[in-house]
Structure formats: C-alpha cells, structure tokens
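Shown below is the structure under consideration.
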Amino acid sequence: MDWFFILEKILLISGVLAISLIVAMYSTWGERKVAGVMQDRIGPNRAGFMGLLQPLADGGKLFFKEEIIPGSSNRFLFILGPSLAMMVACMTSAVIPWGDTLTIAGRTISLQVADINIGILYIFGVVSLGVYGIMLGGWASNNKYSLLASVRAASQIISYELAMGLSLIALLMMTGTLSIKEIVEQQRHSLWNVLYQPLGFLIFLVCSFAECNRTPFDLPEAENELNGGYHLEYSSMKLGFYLFAEYINMFISSALMSSLYFGGYSFPYMDSLGLSPNLTTILGTVALFVKIIFFLFFFMWVRWTIPRFRYDQLMRLGWNIMIPLALANMLITGAIVLYRSTH
Amino acid sequence: MNALISTALAGVVMMFAGLFIRNKQHIKFVAIAALLIVSVANLAELSTIEGGSRTVLGMVTVSHFSILFNAIAFGATLIYFLLSGSAFEKVGEHVADYFALVFFILSGITLASSFSNLLMLFLAIEIISIPQYILAGSNKRTPKSSEASLKYFLMGSFSTGILLMGITLIYGAAGTFNIEELGLGNGDINPLALCGIILLAFALSFKVSAAPFHFWTPDVYDGSPTVFTSFMATVVKAGSFIAFIRIFHGAFTGTNISAHWQLLLSLVTAATLLIGNFTAVFQQSVKRMLAYSSIAQAGFMLFAVISMNKYATQGIILYAAAYSVATIGVFAVTMKLKDYTFDGFNGLARTQPVLAVTTAIFVCSLAGIPLTAGFFAKYFVLTAAVQQGNLLWLVVLAVLCAAISAYYYFRVIIAMYFKQGEPATKEEITGGFKVMLVITAAIVILLGVFPGLLLNLI
Amino acid sequence: MLTVLLILIPLVAGLITFGLKGSGPKALALIASIASLAVTVAALFQFRTAPEALQLTASWIPQLGAQFSVGLDGMGMMLCLLTAISFLLIFIVINNRNYERANSFYGLMLLSQAGLIGVFSAYDALLFYVFWELALIPVYFLCSLWGGEKRIPVTFKFFVYTFAGSLLMLVGLIYIYLQLPDKSFSYAAFTSGVLSPKDQSWLFWLFFVAFAIKMPVFPFHTWQPDTYEQSPTPVTMVLSGIMVKMGLFGVIRWLLPVLPSGAYMWSEVAIVLSIIGIIYASCIAIVQSDFKRLIAYSSIAHIGLMSAAIFANNEQSLQGVLIQLFNHGINIIGLWIIVEIIQQRLKVKNMNELGGIATYAPNIAIFLVIISLANVALPLTNGFIGEFLMFSGLFQYNVWFMAVAGLGIILAAVYTLNMVQKVIFGEANTLTSTTTDLTGNELLALSVIVVIIIAMGVYPKPMLDLVSSTTELVNKVY
Amino acid sequence: MFTDTVLLSATTPFSYFPIVLQLCAALGFVGLTMFATHFLGPKRKTSDKLVTFESGIEQKGNARQPVAIKYFLTAILFVLFDVEVIFFYPYAVNFRELGWDGFLAMLLFVAFFLGGFFYILKKGALKWED
Amino acid sequence: MPVQYYIFLSIVLFCIGVMGVLMRRNAIIIFMCVELMLNAVNLLMVAFSKMWADAGRVDAAGAQIFVFFIMVVAAAEVAVGLAIIVMVYRKSQSVDINIMNRLKN
C-alpha cells in the first residue's frame, strides 16, 4: 500500500471539497452582486469590503438557527433528504480533472481524484441520485407545497436528464471514450469540442440549468407559487445544505461543461509556451477556474434575464424539443464522423 | 427472422392504428390484415432456408420447425381474432393497444421458437410475459382484473429473477450463452450448471404454470378479462412450452446431465397432472375449470419436455395446435354467455345447436377423444414418453388423469345436451361467428383424422 | 371394398339422419340397416369365394406407420352379421315408438353401428383404437339423452370406466409400436412376436383391463347393471348384444395373438376372475327383482363364462366362445325385446308387480319361454352348442374350474326360470291384465330370433365353419 | 459473438479507491455538520411551531395524497427512455469499429425509439395543459 | 478479489430477495425484493464475465451486454409493475397482497 498516494489523495479531496464549498459560498455573494449590477443596485456591501464577508455571516446564521422538524413529518427521511442532497453534490467532483499532473519530489501527482474510464457514467449515476434528496425532503415534510414541489422537481430533473444523456452521446462518438481526463487531453491537442458540437453544447447547457433547478427552470422553488418549494419546512443547516448543494451543483456543472466542451484545464498554445510542466499545470488549473467562473456568471446572468417558464412549457421544451434535437444531433454527428473516417 | 421482425412491426403499426383510426371495428380488421401479412412473411421464409436452419449472429436460429410453430401460433391467433376479436372492444377503451400487445406477445413467441442463445431465451420469456401483465389488468372496471394483474406481475417477475439466476449460474459454469456451445452434458457435471438448470426448470415451470408453481394460474385466469384469458391460456402457454423444450432439448441433453433434471421434471409433471385434474373436477365455473384444465394440459405438454425425442417435437407441435384451437373455441362460446358456470350452459343444445355441437367437438378434443386433434396430440406426447423408456409409471398416471379429465370436460356436454335450461347469451350470435366456429371445429376434426397435414411440414 | 361399404353405409346414413325431420330418420335408419344387412350377406358370399377381396389397405398417417387397413375374417364376418341383424331387429321393434329428437336418436344409433363394424374389421392397431373409442361416444350420448332417471351419473360412470380402460390400452399399443423394428401399427407387425415375455407380462394387463371393462369381467363390471337399467332399451340391446362382444373380440383378435406369452402367464388369474364373476353375478341375479338388472347380471355371468373359456386356450373352448359370441348376442337381444315390449306396455320393471301375462298375451309368453330356454342353454337351442364346447374346453384345462363354472349353469337356470315364472305365470293383477299381445313388427322381430335360435341349435355347422379359420389362426399363434 | 470492448479493459478496482475516500470525506462532513447544528441552535419547541406551514392557514388533512397521474407517467417514461439512452453509450464508444452496419442498426433502434416517442406524444401522455 | 467473494455476495443478496418475496405482504416491498434479485444477478453476471475474461475467453463481454438487457427488462417491468400497483392502490387504498384473497371466491 502506497501511503503517500493515500495522503496525496486525502489532501486533494479535502482541497476539492473545500474549494467547492468556498466557491458555493461566494457564488451566493456573486449572485447578489450580479443581481445588483443588473438591476442597477449595489448588492451586499456591509459585511467586509464589498460585502465579501456576507457569505460567512449567512453561513454562521444558518448554523445557529433553531432546528425545526415538523411534528407530522417523517423524522428520519426529513434529515436524510438534505444530507443526501449534500452528499451527492460532494461526490460528483471526484472524477473531474482539476488539472494535469504535478511533479513534486519525484512523485507525479494527478490533480484528479479518480481517473476512472467511465467518468461520465459515474457523473450521471451520482447526479441522478440527487433527485432522491429533493424527493425525500419534499415528501418527508408532509406539506402540500413541499410535496408538489418535489414531485415537480423530480419530473423536471428526470425529463432533462434524458436530453442531457442524449446530447453527450454525440460527444462520445467523436471522442470515443468515457473518461473525462482523456476527453480533456484530446482537446489539448486539437480544437475545443464546442466548435464541433455547438448544438450538443447548447442542449447540455440548457439541461444543466434544469438539473440545477436554476431560473428559468426553478419551478420547484418558485417562491410565489409554492412558498419556496421542497425545502419550505427546512431551517437551520438543513436548509443550508439544500442551498449549498444547489450552488455546488452549479459549480460542478460549470466544471463539467468546461471540461467536456471548452478544453478543461487546457488553453490555447499551452504546450508551445515553453514553461515548466508544473507551471503549465498550474496555469491550466487557473484557466479551468476562469472558465468555471465564467459559466457561474452565465448562470447568474441568465437568472436575472429570463423569466421563469410555466410548467407545461418546461415539460414541452424538455420532451418535444430537446430530446428530438439531441437525437438528431447524435445521428448527424454519427453520420459525419463515419463519413469522414471512411473517406 | 421475418416472423420476428414483422410481428414487432405489426405491434407498432397497431399502436399507431389506435391513434389514427377512430372506428373500433376497423381496428380489428387492421389487426387481422396485419396478422395475415405476418403469416405470409413467416411462411415465405420457409423456401429461403436451406439445410434445415439458419443462424443469425449466433442469437437466433430459424428452422423449419420454428417456422412451423410460428405458423401454428399465428393460425391460432387468427382464429382467436376472428372468434373473439369483437370482445376486445368490451374490455376497455384502448382496443388497438390490446391488439398491439397481442402482437408483441407473438413476437416473443417467435423468439421463443427460434432462440439459440440464453439471452434471447430471457428476452423471449419477458416479451411474452410483460404484455400479459397489462392485458390481465386491462379491465379497469373490476378490481378483480387489476388484482389478477398485480398477482401475475409479482409472481411473473419473481420467476424472471429465478430464471436469470439460473442463466447466470449456467454461464458461470460454461462461459458462454450460446446454446450449442454450452456442452454441459459431456464430462463431469458442474454443480453450478446443475443448480442453474434446476433454477431454470423452476422458473419455466412457473411460466407454464406447472405444479407446484401453478398457484397463480387460476386466480389470474379467473380475474383477467375472459377474452385475454383465452389467449393467455392457449397460444401464450404453447409459446412458453416451446421455449422450455428448446432450451432443455437443445442445451441440457447429454448422458450425464439429463438424468438429473429428468427425474425432477417427471415429479413436476406428475404433480401437475394430479393437481390440475383433481382440482378442475371441483370447479363450478367453466372459466375456472378451463384454468385448471390448462394446468392439467400443461402436464401433458411437459411430457414433451422430459422425453426428448422426435415424437416430442412432433407432439408439441400438434399439441400446441390442438389445444390452442380447441380452448380458444370453448372460450369464444363461453364469452357469449352471461353465466360462466356450468349451469349457464344448461340447454344450450336446444337454443343454440351450432354452438353446442362445436363446443362438444372442442371439448372432446381437449379430452383426447379419437378423430379430434386432441387425440393425436395426446398420442404423440404419450408415445414420446413411452419411447423414453423409464417414464412408464408416469404414462399410466397420465392416462388415468386423462380419464378423469373426461369428467369435467364432459360436464360441459352434459350441461348443454342433457340438462334443461334457457342459457342467456350476452348478445345476438351472428351468422359469421357461427361460420367461424364451424370452420374451427372442422379444423379440429381434420387434424384429428389426418394429423399428417401438420406433421408433413416438419 | 365391401368392408368399407359396411362402415360407410351407417356412417353416411347416420350423418344424413341428423339433418332429417319428421319420420325421415326412422325410415332412413330402417333402409340403412336393411342395406347393411344386404351388404353383409354379400360379403358373406364373397368371404366363401374370395376372402382376400374383403381386405383393403390405404395410406392414412404414413409418418406413424398407421394405415387405414380393414378386412374381415371369420370372426369379424360373424360379428358383422350379428351387428347387421341386431340393428335391423332393433329398428323393427322400435318402429312404432316415437322418440323425442328422433333425428339425433337414429343418427347416433347408426353412428354406433359404424363404430362397431369398424372395430370388428380394423386390421391396424391405431385404427382399431380409434373405432373402439368411436363406438363408445354415440352410445354415451344415447344413454344420457334418452335414458332413465339417474341416467347422467350412471352413463358417466360407464364412459369414464371404458375411457380409462381404453387409454391404458393405448399406452400398451404405443409401447408395442415402439418395440417394433419397422414402427408400424399393422396387424401383421403386431403379431410378429418380437415382444419379450417380460414385456408381455405387464402389457397383458394394460390390454386386459381395457377389454375386461368392456366385457365386463369382475371386478370391472360395476358400471354395467346400472347402465343397462338406465339406458333406453334399444341402446341396452346394442350394449349387451354387441358392444360387450367388442371386449371378447379384442381378446381374441388382439390380445391372444399379440401377447401370447402374456396371456399364457396370466390365464389362470383371468379365468379365476371370470369365474368369480359368473358366480357373483348369478347369485345377485337370483335375488334381483328388477327385470332389467336381472338380465344385466345374467349377461355378466354369460360373458364371464366366455372369457374364462377364451383363456382356457384350446380349440374347443375357443370354438365355443366364437359361436357363443353370436348366439349370446341373439338371445340377449331377444330377451331385451321382450323386456322392451313389457315395459312399454306396463311401464314397470319390478318383477314382483308382474305376473300372469301368459293369460292375456300368450305370444309374449311363448317367445319369452323359448328365448329363456335358449339362454339357459337347453339342448337344441343355439345356446347349447356353445356352452357345451366351452365347458369341454374348460374341462380339458382344469376340472375344478369347469366344476365351479358349471355351477353357473345351474344358477342360470334358477334365476331365468324364476324370472319366467314371475313374469308370465302366476296371478295376474290389475296392471298385467291390461297387457296387449304382440304387434306385427314385434312378432316379426321375435320370430326371426326364434328361427335363428332353433336353426343354430339344430344345425350349427355353417357357423362353425365360418369361424374355423379364426380358431385355427389363434391356436397357431399359441 | 461480442468483441472485446472497452468495457472489459477496465481500470482496476483500485482506481475506484479514491472515490471511496471521497465518500468517506463527504459522509464525515455531512454527518459532522448535522451533528453540530443539532447542538448549536436554540431549542424552544412549541406545538404551534411544529405545525406544517400552509400559507398561514390551518393544515387540512394529510399532505400525502395521490398527485396527478401525469407525474407518475413522466417518471415511468423516463425509466423506459433512460434505459434506451443507456444503450447508446456502449454503441457511441465503439461506433467507429462498428462502421456503417452498426450505424444502420442504430438507426433502426432510433426508429423504434422515435416510434415509441411519437406514440406517447400522440397519446397525450405529455400534455400538461388539461 | 477472488470471484468467490462476488458469487457469495450475489447469492446472499439473491436469497434475501427471495425470502423477501416469499415473506413480505406489501406489494411494493415484494417488488423491491424482486429488483434486489435482479441486481444480485447483475452483479454475479459481471463477476463471471470478469472471471471468464481472466480465463482468456474473448467473448466474455457478452455477459456484460446481458446485464444491459436485464436492466432494460427490469425497467420495463418497473414501468408496468408500478402502473399496476398504482392502479390497485387507487382502487383499494392498499397494496397489501392479502386483501387480494377475495379473488378466490
């Protein structure tokens, strides 16, 4: 047993989890700031410089709030719901390559927690567990609004998961692998996938919004229809978990989109700069985070730009437009790839 | 392959027919036309097969035998559509879907008659089973129907699990799913394989409702809409049997291995015969009687499984045809009556002589009276068992049970001819229906006088 | 060709009859039975000149080696004759009856005739089996539709008994078929003697049970008295006069030649069963007060003697059996005709309510006496020669068997004469004093029977000649 | 029958080990936080506080009533179509080797997929308006 | 890990499923037990596939394809089965299979 390996992985995991949490926290700050800019307001500015300590204040408040579990709820499931949501959010980051390898003291350290050859399937598998968190929470609350919201959320998430899965198939046809690391490496030496798969990316993007319950797909949490949705009865850190999970999911979605379509930790001319490998790796990781932050901003941008869909519009978009489009994209990609490889 | 593809396509066509055709009666005609096309496609393949069989991708082996069996299944279904097709409309709204499901079942049956890979066996069994769960529960007006459906579903999926475990264990022993390459009978017996075979035997006994795995049958058959019971108890059962026979004859024969499961299955056969017959004797409802009699008949068909010779294959072909056609006929008549008990048949001979005569012929065929198809069906499976050699005790048991079966089959005749009563029919008996019944009865008798008509084709 | 015609005439006539109305069925049945008799007589002549011409073999199910093979030997010829005569007599006697749904009645009667002739002429084991079953179905319907009060359970018992028996026989047939090298059902192949004695010893029981139920032999007889009692009398005539002969015929034609060592091995058991049947049936007959049941039990006793004689397996006994097949049929039909006549007039079956008929209907009395005497095998009646030969055959086999069976003769005399005494002599009561004498057609039928009784009693040689070929054949096989 | 696909040349079970580590870490984090907040917050429970919130009016009946069958239908359809999607994955990974034959087979599969899809659309299984 | 561990685990899971089906009365739980059985089979199938691949069979991936088919069929069964259970529940407000004994009469 290689103890250094384990130590290295533990460090990496802690780092990734910590960064996820920090990014999630500052996303809330970012969100309000973006909202402020878009609506010509200032946004949080009291706690610390430019309100930078606001997320800490919010987090602390959630910690010290009274914990309420409604009398008619199912206690076990009530606690399990947010825990599961948070767990799932924490698990998806395991297969995302945060960077290339670092060489420290003769050891080659990969900046990916686990490079498994079915990375994309793993993501799908874990993400689809996320719906349990919402479903359990909504059902366990024994509240009509929560239940309705959770049922809506479940329907929405699973509907868009179909189109999401289909849109990725076209990508797989081009790359021929399910390992995310390999997909990134391929882009390092050629053009970004988004240039070959614009439609696929678009579908994936839309579906990511729906998967994360982000506006314009935030029906499960529609506060003016459902009093806040599936986490209506939650308080304290349990509510915090739901909120955090959502932001972490956004973060991971952004990372995934960057990795699959925008070259991940690679950036143009990275191999021709003549820098040391370690430096290149660090620059790559920075590049990845730049991309992620752009996508996070995009999430917020959309939120304050587009109004919420009606439920039937949402389902129609998912089933009647996204799925056929994704299928068509897949078939066209397949035909072109085959044609080019045989001629 | 033609049959497989065309039935699946026909199913899809029927699904869409329901969307575009408003008139329910036209749907029936579309179904009949589709079935005719399927039959023709099936028979057209006969001439293209040289040297007995053709294997497609190591998954499906199309042979003369399988085509003939398909033809019988399609023929029986055609009779079923013609006799009982109009009863579909009374079950519920989604007539076209019911027809589509029947076509999907048929495609499962064609797969069952031609698989050459355990994967395809599994798929065949499932394609046969799953539409049946739906058909069983298709009458939404009565709780009986949905409960029958639930019961069938739970039992059916349970047996699927067992089937899969059997297949997995066999794979663990043999390293392949291809039936021809399994090679279990040679050399020492692998305990994994033996366990697998036993599990497979159990699961398939479940599917063909052989005792002691039969307990779901009466309830399900009784609860389901009669028109679907009639299909489930006949064509579908024959289809499951063909799968049973193909796998056990094709893969598990061999000097060492067959003795092990043969004893087990003979006991199952004996139990099936005894339970099926003795319980059928005490039934008051014709529908339930037919359910139990289908168990009893399964006992006879099991002979074909355990005897493993050419009579067995011929026998199962004849049995499938004879049993299906006759039972479909009896069910068709039963469905026209208001009262499904034996008393409901009282005096039918006086009011509806055509119905009574044809029913009498069907029932005689089921009892195995000579000059009806049922006689030669029984004859062949008994011959197969006698030739097998060490099953004579079972054969004697079987003929005694056959004599008992005459009791409950003839109760129908007694009720129709020897008792007084005014049987109430649900609807006007049309001339077309009578003509179809007479044609069906003629087929039964024709096969009873000249079984060679079918046997020549094998 | 004539043989096929013999089967076809009643078959086709029967099917046509179903579609007729009014008095059509009656007329057609009569015509068909006359035609049958004529063809039978023609066949009889052909049999004397060119017996091979009665054989016919046609392809039926080549896959199984089953053929449509029919033909008539001496025994078959004789039984066909018996069938033709019996059916004609039955139709004559019931000519003035009007049955409900006459078309079905006469149609089924004719179909059963076709089945019977098929059984007697089949030379292919599978064909034999098919006819064997087919003869049963119409009779089952006849009994169930036109029988007495308890007809449904009773005839059902009859049906299940015989059906179970015949299915056992089917198993035996299949087993033998599979043992044969050329996989054929033909008579020649079946009698080629390839079966090992071990196989024969158990196959014997499969066949014997089937035949024993039909005859019937103790302990397989329990269906018989009930069925005879409940059936309409014309059907009882068919049952007791001809159908029971199917069992005996089966033993002689199929069991003995196909399973000679089996029959040899179990002959004592078979004889003991038969003799128990004789004594048992006779004893019950003595205490019986029901007219029909008495005759039924007497029939069991007679058949028991025949069956015992068959298994005694020597030429004399066999000759006796063969001739008795015919004579017993004639006698018992005669008795049933009388029963039918009395019952139709007085509507009672209990002999204690009868008596003194001789005074009011002397013709009935005369015929009953003659036929009863033939039934107890008085010399110069037809019963005598057969029973004599059978007893001498049994004597050669085992003296004690003969002695016990002989007791049956004495008992037969007791109950038959008792019956005659009770029915026609003694005090007439108010009921019996209304008896009217025979009508024309009854007189005709009974006269024919009496003529046959006396002719056969005085000059049995033609009949003995007719069956000699069969006797020789069977003994050769032994 | 089947060729050796990428599925078989799998990475060793050991490459999944870090995932187990991460699972432990996530479990630990979630558990700890839950545990901590349980003790950190004030606890002043009153019966009114524990009543479920329904926009300020009193709760009527049990919330766990059957919801519209549409949701259920969507779930079922997802299960079916998702499994069909799963079939595309091994195909997509291997589709270069399978070539045009494989593509045609996949077209047939897609045709059936679309057949089912249009069927449910036509049947109105996804109509949310009513 | 040796394949025996997987076989043992799968058999245990399978037996739990079987016992559940035979002993529980709630239709949903029975159904879940059936799914457990199927998943035990899947696990075993993959284990055997690996075993035969290690033993040098080139077509051992077939078992993994089989697993796909099991999943598909299981999905179809889920679709049908849940629909049936919902239908029964809406009729009788219960998914206890004991109440279904009224079918017998």
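Note that the chains take the letters A, B, C, D and E in the order they are written out, and that residue 1 is the start of every chain.
Here is the rule we use: a residue touches a chain if its C-beta (ideal position, glycine included) is under 8 Å from a C-beta of that chain, and two chains touch if they have at least 3 such contacts.
All values derive from a computational prediction rather than experimental measurement.
Q: Which chains are shared contacts of subunit C and subunit E?
A: Output, common partners of subunit C and subunit E: B.
Q: Treat each pair of touching chains as one step and give the shortest count from subunit A to subunit D.
A: The fewest steps needed to get from subunit A to subunit D is 1.
Q: On the document's contact criterion, could you list the chains that touch subunit B and likewise touch subunit E?
A: Of all the chains present, those in contact with both subunit B and subunit E are D.
Q: Whose Cα centre is nearest the centre of all Cα atoms in view?
A: Nearest to the common C-alpha centre lies chain B.
Q: If you tally the C-beta contacts, which comes out ahead, D-E or B-D?
A: D-E
Q: Among all chains, whose Cα centre is located farthest from the one for subunit A?
A: The most distant chain relative to subunit A turns out to be C.
Q: Once you find the CA centre of subunit A and the CA centre of subunit E, what distance in Å lies between them?
A: Using C-alpha averages as centres, the distance is 32 Å.
Q: Hey, how far is the Cα centre of subunit B from the one of subunit C, in Å?
A: It comes to 42 Å between the two C-alpha centres.
Q: Taking each chain's centre as the mean of its CA atoms, how far is subunit C from subunit D in angstrom?
A: Spacing between the chain centres: roughly 80 Å.
Q: Between subunit A and subunit B, what is the gap in Å from one C-alpha centre to the other?
A: The computed centroid separation for subunit A versus subunit B comes out at 53 Å.
Q: Give me the residue numbers in subunit D that touch at least two other chains, ranges are fine.
A: Expected reply: 1, 82, 86.
Q: Okay, what are all the chain pairs that touch?
A: Chains touch in the following pairs: A-D, B-C, B-D, B-E, D-E.
Q: For the complex, which residues does subunit D have touching subunit A?
A: It comes out as residues 6, 9-11, 15-19, 21-23, 25-27, 29-31, 33-34, 36-38, 40-45, 47, 49-55, 59, 62-64, 67, 71, 74-75, 78, 81-82, 85-86, 88-89, 92-93, 95-96, 99-100, 103, 106-107, 110, 113-114, 117, 121, 126-129.
Q: Over in the complex, which subunit B residues touch subunit D? Could you list them?
A: Those residues of subunit B that touch subunit D are 12, 15-16, 19, 57-58, 117, 176-178.
Q: Can you list the subunit E residues touching subunit B in their complex?
A: 7, 14, 17-18, 21, 27, 30-31, 34, 37-38, 40-41, 44-45, 48, 51-52, 55, 57, 59-60, 62-63, 65-66, 69-70, 73, 76-77, 80-81, 84-85, 87-88, 91-92, 97, 100, 102-104
Q: Taking the touch rule as given, give the residues of subunit E at its contact with subunit D in the complex, in rising order.
A: Residue positions touching the partner: 1, 49, 53, 58-62, 64-65, 68, 71-72, 75-76, 78-79, 82-83, 86, 89-90.
Q: Help me check something: in the complex, which residues belonging to subunit B touch subunit C?
A: Its residues touching subunit C are 314, 364, 368-371, 375, 379, 382-383, 386-387, 392, 395-396, 399-400, 402-404, 406-407, 410, 414, 417-418, 450-452, 455-456.
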